[in-house]
Each structure stands twice: as C-alpha cells, then as structure tokens.
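Across the two complexes that follow, chain A remains constant while its partner is chain B and subsequently chain C.
Here is the complex of A and B:
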C-alpha cells in the first residue's frame, strides 16, 4: 500500500471536513475545529511522505487521471513542484488552524469560520494537485469564492463587506484573462489535432500541452499590425490571472483591504492559500512562458516594479496589518521577478522562486500570527497606540523579531548561517544581477536591491514602533495562550533554519520538476523558441554577494535611529506639507485613480450613460414581454375550471382537432 | 422457461415484497407498521440491484409477449429509482397511519405495472400493465380518505383516466382490426392495411390521447394539476416522476416500433403537442401560488421537451429524451419530496392548517430546514437547466440534437421556454432564502433527508459524469431504431 495511492485524499479530507463542520460544527466544542485540524493534519502527513518519497526518487511522480467527459479529464499530479507546495500549504494551514483555536474562541460564528477555512485549504490543495489546466481553473475560482467569504467573514461590518466585494471583483479581472487564455489554448490544441483527438488523450493535461508548445508557438496572430505568437498571448493572459490572484501591480489594490477579515484569515491568504496561487500558476506553466518571446521579460519587469512600489507604501502605513499586506505584495513581486529571470537561468528560476515562496510562507504566516497576537492583547491595530509591547509579550516579540530578520534577509554570504529569507531573497537578487550582466537589462536588479533596503526599513520600523520604547496608550495586554504561542515558536524555528538547511537540495529538486515520467521538457530547446539566451552562474563579484546584506543592515540602522532612538524628529517629516510623504501616505492616489476616477467616472458613469439609452429601450421591451407572458399565464389559468366535465370535453375536442389538423397538414405538405 | 423467468427476477421480487407487506401489515398494530416501509424499501432496493446487475442481458419470454432489452432495463431502473425515493420518504409520511400496508402494496404494484409496460412486446400486455399501474395510482391519489382535496384529486384522475383508457382500447381495436395481430413487431410487419386506410390517423390520435393522458400533454393534461396538488406529495412524486415515464416508454414502443409506417402523421401531432405543451406549462406555471401546482405545470413543460424526441427521431435525440426521462425522475421526485417535507413542517406548526403547499410556507425555509431548502434549490436549478446538473446535460443533448437535425425553430422555442421557466423556479429560491420568517428551525425527518440526498446524488452524478449515462441512453435508443435512421 504505497502512500502515493492516497494522494487524492489530500484535498478531499479538508473538503469533507468542510461539509462536516458546516453541518455539525455548531454542536461540537470550539465550533468543531477538531475536524478540519485532524483532516489537514492527515493531509500534511500524506504530503510529507510523498515528498520524502519523491526526494529519494525524483523521477517517480504521482500521476493519476481518469476521463471526465469527451477530451477532458480529472486527475492529480504530484511532481516536485506540487509536492513542496502541498507540504507547505498543509503545514502552514495546520498551524494557522491550531492558532485559530485560541484566536477565534470568542467568536460566535466559529463553526462557519472553521468550515470556510477548511474549504479554502481544500480548494488550494486541489489547485496544486491538478494535472490539467481546466481543473486548476475550477479550484482557482473556488479559492476566489472562499476568499470572498472569509474576507467578508464579519459581514455585519460594512467595511468588511466592501473589502470582500473589492477582492472578488478585482481578482475577477484576472480570472477572466486566465479563462480567455484557457479558451485560446484549447482552440489551438483542437486545431493541432484537426479536431480528431485520439482516445485517452486529454488535451488540457499539462503533458499534452507541453508537448505541443512548438506548434502553438508557430501560430501567429496580428495585433495592431504586430505579429504576435499565440503562445505569447496565452502566457500573458495566464499571467494576467496571476497578477490578479497574486496582487501584482495594478491589480494589487484588493490585498491591503483584505485585512478586514480575521487576522488568521489574512495569514492564510498571505502565506499559504491564495496569493501564492498566481506564482504557482506561472511556475506550473513555466515551459510555456520560456517558449513565449517577451513574456518572461514582462513577468520580470512587473515583478521588480511591484516589489519596490509596494515597499515604498509599506514605510508609511500606521496599521500593523497594512504594513504586512504591502510587504506581501512586495515579496510576491520578488517571486515573480525570480520566475522572470528564467529568461537567463532557465528552469532553475522555478526552484529559486518557489524557495522564496516557501520561506515567505513561513515568515509571513509568523508575522501575521504575531500581529494577531499583539492585536488580540492590545485591542488596536494602530501602531501609534502601541509601543513597549515586548515587555508584556516576550514570546510574541521574540518570534516576530525572528520573522523580521528573515524578511529583511539577514545572514552571512558563503556560509549556511542565515535566516531563510536571506537565502531565497538573495538568490533572486543575485540572479537578477546575472540577468542584467547577460542581457544588459539592469533595471530589475537595481529595483530589487533598493526594494531590499526599503523592506528592511519598513519591517524594523514596525518592530520598533510596536515592541520598543514606552507604551503610548494604556492597553494593559498579556501574553497569548499556548495554542497561539506554540504555532508561533514552530514557525519561528522554520523561519530561522529552513533556508540554511534546505537551500541547495531544494533548488535542484524543484528545478527538475519538468524532467520525469510524466513530462519531459527540454527547457533549452523551448528557450530557443522564445528567443532567450540561457547562461550559467558565473562567479559574481564579492560585493554583489554582500550588497543585499549591507542594504538590509542599513535599513535596520535607519529604522533604529529614527524609530528606536528618535534621533530625528519625525513630526517634521510626517506632515501633510511634505509632498513625498503625502504621496506615499495616500498610496500614490491609487484609490482616487483606480476607484474614484477610473472605475467610477470612466467605466461606471461613462458606460452607464451610454448604456442608459439602450437600457431604457430594452427595459421597456422586456417589461412589456414579461407582462404579456404573465398576463397570458393569468388568463390561461382561468381555463382550469376544476369541473371534470370540462376536462373530458377538452380531451374529446383535442382528439377531434388533432385528427383534423394532421389531415390538413398532411394535405398541405 | 426457468431461465426466462430469471429475466423477470426484479418484477418477481417486487410481487413477493408487495404481497408480503400486505400480509404482514394485517397482523401488525399501527405503531409497529413503520417496519413495513423499511421492508418495502429493501425489496425495491433488491429489485433495483437485480436489474442493475443484469444490465446487458436480453431475452424474450411468454410467447414473445415480454422482452428484456437495453430500453426496458433503462426505464425499469428509472421506475425503481423513483419508487425507492418515494418509498423511503413515505416511511415518515405513513408514520402512525393504520393503512400503511395498503400504501406500500399499492405503490409497489404500480411500480410493477410500469416495469411490465417497459418490457411489453404485445399491445394487450402493454394495456393490461398500463391499467395495473393506473388503478393502483388512482387509489393512492385518494389515500387521505378524510381529506376532501385528496378525494377530489383521485376522482378526477380516475374519471379522465377511464376515458383515456377507453380511447386507448378503441385505438388498439383499430390497429388489431386492420393488422390482425397484437404483437408490436407483428403490427410493424403487417402495417400496410392500416397505413393506407383513413383509419390510420384516427388510430394514431386515439393512441396518442391514451398515452398523452399519462404523459400529461396538452389538452389531455387537465387532470394533472388538480391531481398533483390534491394527492399526497409522495404520491405526486410517484405520478410525476414514475407514471409519466410509463406513458413515454409506451409511446416509444407503440409509435416508433409498431407504427413507424405512420411516422409522418404522428410526427406532426407530436410537433404540435410538444410546442403547445411546453409553452402552456411554462406560462401557466408563472402565476401559481401553490408550489405543487407549479411543479405540476413545470412537469407539463418537461414532458413537452421530452416529446421533441419524437419529432426529431434521430438516435441522439431519442437518447436525449431517454436521458431526460431519467434526469426528470430524480429532479421531480426530489422536488415533490421537498413539498412533502414542507407539508410535514407546516402541519407540525399547526395541525389544522390547509394549503400546506402554498408558496408562503417556503418563506425562510433556508433557515428553517436547511438541507431541504438546499436540495430544493438544486432540483429547481436542475429543472431550469443550470450547468453541472442532470437537467442541463439532458437539455444539452436533446436541444443540440434538435439543432443538428435541422429543427432549429423547435430548439429556439424550447430554449425560450427554458428562459421563461427560470422565473418561477427562481421565485421558489427567493422565497426560501431572501424572505424572512420569524418561525423556528425545524428538525428535518431522516427519511425525507435520505430520499432527498439520493435524488441530489442522481442529479449531480448525471451532471458531472454525463458520458456513461449518455452512452447508456443511446444504447436504449438503439433498441427503438436499430439501423439508426
């Protein structure tokens, strides 16, 4: 009984837990939390065992599929890429669920909370396990629905309801692009097979898609007079989906607002279940991206830009959760940048980017849970009202500082000493340097190194404002219960040591995800189709290896001077008269630009004005039609007199009329 | 002979179950009669598993008057599934009733009649089986002897039923008179005298009136709304989901096999009736305030869709019609069981309330009976043809085959009708989830929940994995038109 045969249970157990908790949770203690915890724990054990198996034999991926209908299938695929994601998601989700026991203990709707988080986890696991793009999309949408439910968990609060709507609608833009990409891909594959698909070939399964990349790349479409390969269009549409889900510029606007849900939900969204889906999608379809001219460059540039753009806003936020939200957007930018650099380093990019994704999951979950712990104790999210929290909450403070060090990327180059974020983020920054050196495009590298400085600055600003100095208000908190601090400590261990212990092994393991029994993709050949020149890591100058650490230390120093020792009077900087501060604090006026101007003025008012005229006409027509139908219904109802004689008459009349009608029609024809 | 008898093991099981339930019931005190429901359900389940396990066998028995083939097997499964759902739900309905054994015996005998219609290879056997099912259901419709509405429903059903049976027999006499045989393949072989005679049209229309009564085609439908509304909900489920399909399989056999030479005549008739029936059903359903009555009209409309198969007459269309019969069995049986559960809830609020099926009773059902309300939502969306449900798949196969064969006008009418129907289906959902109620949550009786879950499982199974079902329905269709015209 090999454990691989039970891979299908990984998403099914949490899904089952959802049903059970939803219906019976209210009658159980803690809202039935034990059901999802047990289910996710089992999923975690299965995932871990499969991953260990795969580590020993990387070729033997788990792949099971069966026919759904026509040329589509339902199936699971656990290759190295999926395996590490599964293990991370189940592990982080498990810890968050345990932590929620304490965090949600006072909420009346506990059972709904646990049911929805279980479904959220199940959808994400289903997404990861999918062996075809359609099933992935279905789970992708399920993730979206769950995020809507959970962000709006406290739907009594208008702000929560609005935030849920905003998240749902914004990601929808990406989802529509993703779906269009799938439709285009399907038509192309259908054309390649000339409509005659042999039995047992499931055309949206990844192995079939990947084996036809050259043919798809050969198809061209003309857009604005430019010849564009279909593979470029498809990958850019997929990337559009990823931009929405993973909060990249300009569809990132939903993420900071998503803080309206319980903090544990934020942790789940930001670390494990939702935002990583976009990065995973690009990694999963990486062979398509590398065969698509310019797609990877778009990914790299947009990723780098998002990394620095979000980091600048993180510096000025006063809400502890919003700082973390912008931090997530920024770090996701790094992951996208890592994938984009595949233009130079090939499949290794998948390993690097995924490694950062996993490490980020550990320290970001930790940051959110610590923040939740602080909010739980202090009763506010505004950092200006905190200060000196370290004295009352030593465990929380210590673990959060560890997480901050990991996010900032502290470690010693050339050794295995360092936080997990150090290993993965520096790998991305160094690869950006290689990318710049080989292609002459230095912008991503410069942006990423400046973003590293800002990252360190905003996270230590948060640490100093929250934990050190004097208490600025009388909050009188206490350390959180053990169900909350134990998950924190476990995550802290991972944030500290996982990077150093796993880095080499992890990168080769995941980078080989396209070379096994299921798919065998020659990345080098595909890169030629895409027009990318793959190079290898040379020996980077020593300064390049040390520079990320130096800027991170500089960030820490600035934060310590300004917010710890107050050598600069912040009141002069933080004022409405400082144009830069104003610009940042108002988040580059995105809300004004996107929501108030673009959505409301241009789209809403413009379209509605144009639409009103047509609408009135249709309204009248539809209204008239429906009135007519309803009226007819009412008058026909009168026929049904209830008198059985009339019924018999109707039967006899019907028979006679039918005989005559048939006779007449037969004569006419 | 013994081997041939084995072909009818499911029917024999049911006969034994029915008689056993009837006998045992006589000696049980009223309080202990609950066990009869379990016995009947087990018997039906055994018959169902016997039928499923014998899928693929073919054979003739009793001088070729009965045949077992893919078509009969398919419809037997439809009837048995509906009977199973109804019998499980009735465990609650008949609780504490001193006539429980009669209820179960009658519904089992009705099912046996339907199954023999599906197997009939002789027009007289078909008629007798048809009447067996009819007589049993007349009595069932009037099962609530103290309820005037139930009695009225039964009486109307009985009178119009007798009239239709007379017409059916009249039609059969013409056919027998001009062909000299009652065997269904025999009629097809000796059809010349009938098809050249002016009596051909009369025979076709008379047969159509007889079957149209059971299928509830306009204008032979008028009993249906009154009866479905007045009869106990579980009986309405049996009538709408089971007995209606008996009319369809009988019409398949008589028209497509026996009277294929008169194809032109009955195709015109079915085209007229299909359009009139679906439009009339949907339009009148819009303004109903009784949910059961609305479901009755909705079931008229669905019968109109299924009749399209007779007009198009390609293997795919017939397969679609047959698949629709199965899907409709799940959806409609489920929807009527919901009204039974609601009636139970209303009566437990207030023992003397009337109009238990009024739509106002569905207000806030999402809070009061969450499982029932969710199932109802699934059933009405399936009836409206929302994707990933059985209703969508059947409509998809049927309508697309209609378009393929050049009957685009018919498909357009059918699709417009589906759009209209969404209005009254969505109205129920609105009442269940968006209108508030100040009444308390009610615990949902297990038998109802179990019956609903079976129906929901069927609706989703066909919706998610249509391939095997379509394949299976196509095999059944091939029995009717072996060459695949």
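Here is the complex of A and C:
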C-alpha cells in the first residue's frame, strides 16, 4: 500500500466533507465540525507521508493523469513544490478548523461555515495538486467563489455583502487575464503541434508546456510597434491573475475589506487557502517566467513596490485586523519579489519564496487567530479601545508576540537561532542584494529593506497598543477556551522553530522541483532565452547579512518608544492636519480613486450612460418600425371598401395586367 | 361552315357585355344576369372549339358548365332573397358592412 496512490484523496476528502456537512451538519453537534476536521486531518496525514517520501527520494514525484476529453486531462502532480504547499495548507487549515470550534460556537450558521471552509480547503488543495493549467484554473475559480461566500458569511451586514462583492469582482479582473493567458498558451501549443496532437499528449499539462517553452518564446507579436515574445505576454497575463488573487498593487483593494468575514476566514484566506494561490501560480509556472524577457523584472518591481506600499498603510490603521491585512499584502509583495529575483538566482528563487510563503502562513495564521482571540474577548476591533490586554489573556499575548517577532524577522545571522520569518525574509532581502549587485538594479533591494523597517514598526505598534499600557476602555474579557489556545500554541512553536530547523533542507528540496522524472527543466538554458544571467548567492558583506535585523530592531525600538513609553506625543502627529498622516490614513485615497472615481464614476456611470444611449437607440428603432407597420396598415385597409364591385374591378384589372405581362414576357422571350 | 373567328368574336362581345354589366350595375339581380352572360360566353367558346376540333370533350364541359350555372343562379337568387328580407333592398351599394 503505497501512500502515493491515495494522493487523490487529499482534495476529495474535504470536498466530501463539504457535501456531508452541508446536508447533515445541522443535525450534528457544533454544526458537524467533526466531519471537515477529520477529513482535513486525514488529508494532512497523507500529505505529510507523501512529503516525507519525497524528501527521501526527490526524484519520484507522484503523477497520475487521466484523459478527460480531446487533448485535455485531469490529473494530480505532487512534486516538492506541491508537497510542501499541501502539507502547509492542510496543517494550517486543520488548526484553523479546530480553533473555529471555539470561535464560531455562538454562531447560528455553524454548519454552513464549516461546509464552506471545507470546500475552500478542498479547492485550494485541488489547485495545488493540478498537473495541468486548466484544472488549476477551475480550482482557482472555485477558490474565488468560496472566498466570496465566506467573506460575505454574515451577509446580513451590508458592509460584508459589499466586501464579498468587491473581493469577487476585483479578483475577477485578474482571473480574466489568467484565462486569456491560458487561451493564448493553448493556441500557441496547438500551432506548435500543427493541430495533430498524438495520443497520450495532453497539451495543457505542465511537462508538455515546459518542454515547448523555447518554441513559444520564438513566437513574436507586435504590440504598439514593439516586438514582444508570446512567452512574455502569456506570463504577464498569468501574473495578472496572480496579482488579483495575491492582492498585489493595484488589485490589492479587496484584501483589507475582506476583513468583514469571521476572523478565522481571514486567517484561512491570508495564510493558507487564497492569497498564496497567486504566488503558487507564479512558482508553478516559473520555468515560463524565467524564459520571458522582462516578465520577472515586472514581478520583482511590483512585488517590492507592493511590499513597501502596503507597509506604509499598515502603520496608521487602527483596526487590528486591517493592520494584519496590509501586513499580508506587504508580505505577499516579498514573496513576489522573491520569485522575481529568480532572474538572477534561478530556481533557488522558488525555494526562498515558497519558504517565506510557508513561514508566513504559520505566523500570519497565528496573528489572525490571536487577533480573533482578542476580538472574541474584548468585543471590538479598534486598537484604540484596547490596551493592557496581556494581563487578561497571557497565552494569546505571548503567542502573538512570537508571531510579531517572526513577522518582524528577528534572529541572528549565520546561526540557526531565529524566528521563521527571519530566515525566509532575510533570504529574500539578501537575494535582492545579489540581484542588485549583478544587474545594477538596486530599487527592489532598497524598497525591501525599508519595508522591513516598516514591517517591524507596524507590527510592534499593534502589540504595544493592544497588549501593553493601561486599558483604555472597560472591556472585561477573559482568556479564550482551550480549543482556541492550543492551535495558537502549536502555530507559535512553528513560527519560532520551523525556520531555523528547515531552512537549508527546504530550499534545496523545493528548488529542485523542476528536476525530476515528471518535468526536467534546465533553468539555466531557459534563462538564456529570457536574456538573464544567473549568478549565485555569493558571500555578501557582513553588513548586508545584519542590515535586515538592524532595521527590524530599529522598528521595534521606535514602536516601543512611541507607543510603549510614549516619549513622543503622538497627538501632534496623528491629526488631520498632518498631510502625510492624512494621506496614509486615507490609504492614498485609493478608495476615492478606485471605488468612488473609477468604479462609480467611470465604470458604473459610464456603463449606465452607454446603456441609456443604447436603450434609447433601440427604443427609437422599435418605435419607428411599429409606426411604419401601423401607418402602412392604416392606408392599405382603405382598399377594403366592402363594395363587391370594387373587388371585381380589382380582380379584372389584375387579370388583365397579368395577361398583358405574360404576353410581353412571351414576346421578349 | 361559319368560320371559328365569328364564334370567338360573338363570345368576346357577350363576355364584354357581361363584364360591363358586372362593373356598372348596382342591382343584385342584374349583376347575377351579367355573370350568367359571361358564363355563356365561355360556353359558346367551348362548343365552338369542340366543333372546330371535332372533339366532344368541349361539349361535355359546356353541359357541366350549364348545370353549374343553374345551381349558381339558384344559390345566388336565394342569397339575394335573404338579403331582401333583411334589408328591404337588393342594391349592392347598401350591402357593404364587410369593410374597414
């Protein structure tokens, strides 16, 4: 009994749990939560066993394909990349489900909640397991639907319904780009095969796609007078999809609003099941990206920009969950940056980016669950009304501080002492340095190092405002039940130690994901196509290794001075008169720009104007046609005199004319 | 033997008289009579060509036609009588309710 044969159960069990919980959950205690928990636990065990197996033999990936129709297939592929994602998603999702037992215990619609989270997990697992891009897209859309359902879980609240709609529509923009990328890729592959596809070749499967990258790269299209390779267009379209799903600028606007759902849903979306899909897509199609001139640079620059852009907004938010939401956007920016610098360091980029993704999943899930625990006890999300919560909730406070240390990236370079975020984020920042050193483009490095300072600043601002100082309102509160604190403690252990223990092994494991018996991609050769020159992680100067830690400590220090000890009076800075504060607090006026101006004015009013114009046009046309018919009838009915002899005259005239006509025709012929 | 042209001429004249009557008269009975004239013009043609071609088919048709004309006249007069009972006149100008 080889466990690989049961890999297909990983997404199917949660999907089955969805059906069972949906129909029978109401009759069971806790809304039938035990079903998805058991299913996801089983999936976790299978994923873990497969991962351990792969660790021993990295060459032997699990790959099963079945013909679906024509030249398409459904199938599963568990290579190192998928295996670590599967294990992380099932693990984090399992803990969140257990935590939800306590968190959602007062909710009336528990069975709906557990059914939807099970489906959410199932679709994400399906996405990770897909061995072809079409199946991945289907699961990708399923993830989108589930996020819509869960963000709007409390649909009675108008704000939740709006947020769900916004999330759905914003990610939709990315989805359409992703789909057009798939269509273009399909057309190109079809052309490469001249339309004659041999049996057993499924053209959208990753191994087929990867083996034809040079041919796709050779195709050119002319856009605005520039010769652009098809591979660049396809990868940019794919990246567009990832931008929507992973909340990169400018499609990040849905993520902060997605806080309207239950906090556990936010944790699920931000840590495990939704936003990582975009990063995973780019990592999965990394061989295509590296063969694409300038696509990876776009990824790197946009990632670095998003990292700092979101971090600046995180500093001024007062809603505890919104701070975390901006933190997620910022960290996703880091992951994208990590992938983007693959232009210099090759497949290693996938390793370090995925490592940050996994570590981020641990500490971000932890942060959200802690925030949920605090909200559960305090009854508000506004940090200005908290303060001193640490005294009431020691476990929550301790675990959240661990998560904050992990997010801030504290550790000692050159040793295995450090939080998980330290290893992954510093790896990305150092790679950005290598990127800068070899290509001369220093902007991503500078942005990432400043973002690291801001990261540490906003997360410790949150810690100090929430857990320390005096209670600013009378909130009462109590420590959360064990179903909530145990998952917190487990996640805290991972946030603390996973990075240090796994870093070396993990990076080599995942970096080799494109070298096995399923796909065998030579990244260095593909990089030549893209015009990149691969370098190596060399020996960076000592200051580069220590700089991320120094800026993180500086951020902690500033936060402690300003929010912990109050040496600076914030009231003067935090006022509507300070233009910088105002700009940040209003989130760069994105809401005004995107929602009020673009969505309402341009799209909504533009469409309604066009609609009205078209409507009027059709109205006029239809009215004119009906008038024409009516008037014709009105004049024609005058012939119907009722006098027999008029009819007789008409008949006789008609017959005479007919005879004359026949005569004339006969003459002519 | 009388040439065929004279028969056709006679037939055409009678037909035209019938046509003229059909289009100008207002009295229902006169119109029926005009229709009879047109029918008989056709009968003359049938018989004339039958004799000309030495083929009896035409005369058989003529007999049929006369029988049908008799039926038609009977029905026509019956309708006219019904109209007369209803409206007290058989002037066709006054029978124009089937109109716009």
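Definition applied: the second predicted complex is superposed on the first by the 613 of 669 C-alpha atoms of A that agree within 3 Å, B and C clash if a C-alpha of one lies under 4 Å from a C-alpha of the other, contacts with A are read in each partner's own complex, and residues count from 1 in each chain.
Definition applied: a contact is a pair of C-beta atoms (placed from the backbone, for glycine too) under 8 Å apart; a residue touches a chain by one contact, two chains touch by 3 or more.
Note that this is a predicted model, so its numbers are computed, not measured.
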*Does chain B (first) or chain C (second) touch A:29, or do both, or does neither?*
neither
*asked:* If we overlay the two complexes on their shared chain A, which of chain B and chain C does A:440 touch? Say first, second, both or neither.
replied: neither
_After the superposition on A, what does A:637 contact: first (chain B), second (chain C), both or neither?_
both
*Of the two partner chains, chain B (first) and chain C (second), which one does A:658 touch, if any: first, second, both, or neither?*
first
*asked:* Once chain A of both complexes is superposed, is A:225 in touch with chain B (first), chain C (second), both, or neither?
replied: neither
*Examine A:198 and indicate which partner it touches, taking first as chain B and second as chain C; both and neither are also allowed.*
neither
_Touching partner for A:648 - first (chain B), second (chain C), both, neither_ = both
*Partner chain(s) touched by A:158 [first = chain B, second = chain C, both, neither]*: neither
*Would you mind checking which one, chain B or chain C, touches more residues on chain A?*
B
*Intersection of chain A residues contacting chain B with those contacting chain C?*
637, 640, 642, 644, 648
*How about chain B: which of its residues touch chain A in the complex?*
155-156, 159-160, 163-164, 167, 201-202, 204-206, 208-209, 212-213, 218-220, 222-223, 225-226, 264-265, 268-269, 272-273, 280, 283-288, 420, 423, 464-467
*Which part of chain A faces chain C closely enough to touch in the complex?*
637-638, 640-645, 648-649, 652
*Hey, which residues of chain A end up touching chain B in the complex?*
67-70, 626, 629-630, 632-634, 636-637, 640, 642, 644, 646-648, 650-651, 653-655, 658-659, 661-663, 665-666, 669
*Any idea which chain C residues touch chain A in the complex?*
19, 22-23, 31, 92-93, 95-100
